[in-house]
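These are the structures, in structure tokens.
What follows is a pair of complexes built around chain A, which joins chain B in one and chain C in the other.
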Partner chain A sequence: MLDNLSLLTIAPIFNVQLLLDGLFIGAIFALAAYGLALVWGVMNVKNLAQGDFVIMGGYIAFTLAEWGLHPIIGLPVAFVVMFAFGWIVYVLVIRRVIDRDLFTSLLATFGIAIVVQQVLNQIYGPEVKTAESGFEIRSILGNQVTVADIKLISFLLAGGLAAAIVVFMKRSRMGQAIRATAQDPRAAKIMGIDTDRVYAFTYSLNAAICGAAGVLITMIWVIQPFYGITHSIRSFVIVTAAGFGNLPGVIMAGLGLGVAEQYSGFVLGAEFQQATVVGLLVAVLVWRQIQQSRIRQVVQ
Partner chain B sequence: MAATRRTLVAATALSAAMALGAGSALAKVEGDTIILGSAISLTGKYATNGVHAQNGYELAVKKINETGGVKVGGKSYKLKVVYYDDESTPARGAQLAERLIKQDGVQFMLGPYSSGLTKAIAPVTEKYKIPMVEAEGASRSLFTQGYKYLFAVLSTSEQYLASAIDLAAEIAQKEGRKPQDIKIAMAFENDPFSLDVRAGVMDDASKYGMQIVIDDKLPRDLSDMSATLTKVKALKPDLLIVSGHSKGAATAVRQVNELKIDVPMMAITHCEAAKVTDKFGPGANDILCSTQWAETLSYEDEMFGTAADYDKLFKESFEGYTTVPYQSAQASAAVMVWKDAFERANSFDIEKVRDAIAATEMDTFYGPIKFSEAGNNIAKPMVLRQIQDGSYNVVAPSKWASHPVNYPRQASD
Partner chain C sequence: MNVETRRLGLYGLLLGAGIFAPLVFPAYTSQVAVLWIMILFALTWDVMGGQMGYNSLGNILFFGAGMYISAVVQIGLYYDVGEYTSAFGAVKVDWTMSQYLTGIAVGLVAAAVISALLAVIFGWIVFGLRGPYFAIGTLGVAIAAGELVSAWEWVGAGGGISMPVYPGEPDDRSLIFYFLSLASAVATFVFLRWLYTTRFKLAINAIRDDEEKAEAMGIHTLRYKTVAWAVAAFFLGISGAIFGNMIGFIEPLEVAFPTVTFGIFMVVMSLLGGKGTIWGPVIGATLFHVIKEVTWTHLLGWQWVALGLLIIVNVVYFQQGLLGWAQDKWPELFGIVVEDRDRAADGSGGDDAGAARRAAE
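This part shows the complex of A and B:
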């Protein structure tokens, strides 16, 4: 461990590689996490199937690549398909649990996650899949650092998509309705907003965002039917750290998590890369708890 | 009331008798047919390879039956295998083994698919003292339990990448360097199988006194190992070894190219399962892959002919195969062990047949077979193939090599 740390000081160039890789992948984490923040904030549903939606998007890109299309076309396709899928899931399941307590919605979304995993396993089998973008890989800084174009493109696409969603939430009628519902569902209802439709739209938009993130993940990492859970945990860590209505916070936490994973993989070894995510979740929860108790004391 | 009870007793007795009758109908040898039994994964996560194994069993049975069958006591017998689908779950596998032995009266078993299933079934066959010849369970831990009735035709997991170490030492000596100067970077998944592979590599590396500069464990849901590979880039080892099922193979090959890791020698497992040549094209070139068997090997026997003949026959017999998986070849070899053992025992006495299996010493298209005390095949080496321009060519051990090894590996642009 110390050897690896000293390696980073002797050859600082490798910090650049770790930082870049972390930021690129972190942007995609932030995207999926923003979807979770939306659903959590607006509907108070903690969607445990978040990562499985990401993986579904990945399989859409993989399928398109199998058909001879470029997987990047999967981005709009997955967005639309997953939006529709989200709507169906909302109508079938989420609508029925939205007013129930925390456990019901947790169990319901956990159930959705299991069904998605098993269906993907039946269709695609358990072996890992990838979709190749075939884009250039650039060497910079004297061949010591490489940047795959697909990572850069994903980074930009993730940013663009996030920006588009922000504009949508601010400007469009539906976006305003979503924000109104998030603030006070009863008041929104009285003002004539069809909150049921808002919820359906929010959940579907989240699924669509996840699908898009999944398309990007498949071109950078590998996917497998049961990999959803790690992406779910990442989203939860980011949202818990950043809070719901805080998009800059989500982006910062996402990028930070990406970088943290790369560094822990380098310093502690690959098996601790994901352990870091869970470790950070615990740390964030403890921190939040301390914060909360301070606020409570102030109130007293 | 009494009448009803009597009827019930009679019915129970009758159904018990029927069950017994059904059981004996499927005993070990029925007329001129020897019954073998196998629980095999036809559905679930191992289904693909389970079917490969079943096809291997079936091809050998067909071939043996066509070429005179099994001769015992001057009489010719045919082979037949009874299969049950274990749904890729160990508990179900153990149940079905119990059913094959207790209910169906099977006394000669063929193995299931995977180490996990074999681990579940072996205690059952051991309990009933029923010999099992298995072809798909490679875990070393299967052969440290002192099992007397378990025999495996394949090489065990610790041999999977050990030949890469020998090859690295060979090349070092050729280049006038000492094997002690060789630096190895390795990443193994943290699961029993991959750790067995790692143990074999560690043994051989320490035998040569090689230095291990990176020893990372990969998580179960591995999808990124770029941090480990960045370390590889920094430390410049002579040999990079990765084993973590097909996810390990896919992730390693993709990211080695993405990070332009320039390592002169790279050895991995599960290349075929991860389809690295289809997916990564030239990016997979010069990578060494371990395999149990390849159709280009010069192994040969009287029944199937050469490995290439087997390959041809298999492709003719089953549709949809462009390459023959080694899982099928070794399954066929397991059936050949049974035939050979029956004929040498010249009897169907279970103990005599078991002893005959233990004394097996034969050459097959799949490779030589000779069992250790523990029951694993010690005669057949693992071979290393190198991906050269998209095709798999055997490069080590040198005795079986069909092509010279490309060294150093060229990082693709």
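This part shows the complex of A and C:
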């Protein structure tokens, strides 16, 4: 463990590699976390099925690759399919838990997560899968740092998608309705906004964003039916650290998480990767609690 | 025949059924033993989730902790734990009967006490979290515990530990663990039933209904929350120790810290039976376990999908649980006198279906 740590100082070039990989993967984490922030902020539903939507999107790209298509085509396909899936889930489950207590929505989405991961497991089996993009891998900085083209492309795609969503939220009629509902659902209803439709749209949009993130993950990393829970926890870490409605914060936290995972994977060993994510979750929650207890003391 | 004798008769009948079950149906001993553990799970989850309104998704932490503590104590009393685990059970170690029984006795006590202490320590970390943050935080702690144990060489890491082998007849062994499970579940039930007649129950119910107001009324909420969690952890630690010995081989992710199986089963069972009651978790656990045992093998891998669907349907469409539903339907059977005014106020809430009902519990 300490060997690897000293390696980082002896050969600083490793840092560049870890940073780059961390940023590439972190951008995708941030994308999925943005979807969670959306659902959390607008509907106050903590979606524990977040990571499983990501994995589902990943399997869509994987299936397309199996059929001989390029996995990048999976991006629009997964977006549309997951949007429809999100709508169905909303109508069947989420609509009925939206005004109930928070644990209900948490547990209901956990149930959805279990169903999704187990169905995927039945269809694809528990092996780790990836979709080959077929792009080349470049070496830079004197052949010491490798950058796969697909990572760069997915980074740009993630950024482009995030920008498109931001513009959509700011400019489009639906985006405005979503923001109005987030501010005050009752007032929005009085103003003639069909809040039920807005909620359905928000949840579906979240599923679609997750699906797209999953496609990118399949191309640059691996997917497996049971990796969903880790992705959910990642999204929770990012959103809890950044707070919802804080897009720059979500992006920074996402990139930071990606880098932190790369470093812990390198220094501690790959088996600690999940422990790192979960440990960060606990750390973020504790930090939040300390912050809150300060607020409580001010009130006293 | 008044209510009290009828109740005693019912308890006697159930206890008798529990004691004679393995003698009448010896083939099902281990399944019924697991049923008692499940009942214990649901009851201990309900202390926090039902009575106090703190929905923990990570109570399985103490189950696993108890299992490992007991294993380490049982082995550590007579051998070097690091040496024993590094051999992955390849070293044949014989235990005399007295060694074995002392090990289990000391292991059970240690598992219970240390698990309760762990609850106090983790309470500091997680009790500032409210609502969904608490649920996610406890889930995180439980997953982290599993991951850390599977990286800890001294307790066998991911390879696990094979528990001491029982020196006597295999049939005796299953009976011993059957009666230990039965005793632990009965002890939990009796203790909680007593606990729910004290002021403690009123205090934790006050925390559930409105924590800020409870605090304003002078209830030391953190202390009550910690004690409630420690009580749950105490019994969960015992159940972990028993289960580990019953299985004979323990391993961190699937056996000791199974967050998505046993950890969720506890919640589902309590909700199925009706949370916030003493009989709800018992009925829910029995029903769930029987359904699971009967249907599981016929579903060929789709059982987990069915479990997920059960959770969704349970939470979304049937949240008051069986007992809650029965109490709404036939309140007079439960000795509840409902005035019309209360009924109008109660009828609306699916989750908070009636303070009157809880008062009568």
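Quick note on the criterion: the second predicted complex is superposed on the first by the 299 of 300 C-alpha atoms of A that agree within 3 Å, B and C clash if a C-alpha of one lies under 4 Å from a C-alpha of the other, contacts with A are read in each partner's own complex, and residues count from 1 in each chain.
Here is the rule we go by: a contact is a pair of C-beta atoms (placed from the backbone, for glycine too) under 8 Å apart; a residue touches a chain by one contact, two chains touch by 3 or more.
Not measured: the values here are computed from a predicted model.
Trainee: Examine A:197 and indicate which partner it touches, taking first as chain B and second as chain C; both and neither are also allowed.
Mentor: In the superposition, A:197 touches no partner, neither chain B nor chain C.
Trainee: Contact-wise, after the overlay, does A:294 reach chain B, chain C, both or neither (first, second, both, neither)?
Mentor: neither
Trainee: I'd like to know which partner A:236 touches here: chain B for first, chain C for second, both or neither.
Mentor: A:236: touches chain C, not chain B.
Trainee: Quick check on the superposed pair: does A:281 touch chain B, chain C, both, or neither? Answer first, second, both or neither.
Mentor: In the superposition, A:281 touches chain C alone.
Trainee: State whether A:265 touches chain B only (first), chain C only (second), both chains, or neither.
Mentor: first
Trainee: For A:106, is the partner it touches chain B (first), chain C (second), both, or none of the two (neither)?
Mentor: second
Trainee: Where does A:171 make contact in the superposed view: on chain B (first), on chain C (second), on both, or on neither?
Mentor: After superposition on chain A, A:171 lies in contact with neither partner.
Trainee: Where does A:96 make contact in the superposed view: on chain B (first), on chain C (second), on both, or on neither?
Mentor: Second partner only.
Trainee: Pick out the shared contact residues on chain A: the ones touching chain B in one complex and chain C in the other.
Mentor: The overlap between the chain B and chain C interfaces on chain A comprises residues 121, 229, 269, 271, 274-275.
Trainee: Which residues, counting only chain A, touch chain C once they are in their complex?
Mentor: 46, 93, 96-97, 100-104, 106-108, 110-116, 118-119, 121-122, 229, 233, 236, 240, 269, 271-272, 274-275, 278-279, 281-282, 285-286, 288-290, 292-293
Trainee: Quick check: in the complex, which residue numbers of chain A touch chain B?
Mentor: 4, 7, 11, 14, 17-18, 21, 25, 121, 125-128, 130, 132, 137, 139, 143-144, 146, 148, 217, 221-224, 226-227, 229-230, 261-266, 269-271, 273-275
Trainee: With touch defined as at the start, can you tell me which chain C residues reach chain A in the complex?
Mentor: Chain C residues touching chain A: 55, 57, 125-126, 128-129, 131-133, 135-137, 140-141, 143-144, 147-148, 150-151, 158, 260, 264, 267, 271, 301-302, 304-305, 307-312, 315-317, 319, 350-351.
Trainee: In the complex of these two chains, what residues of chain B are touching chain A?
Mentor: It comes out as residues 45, 48, 187, 190, 216-219, 221-228, 230-231, 233-235, 246-247, 250-251, 254, 257-260, 273-274, 279-280.
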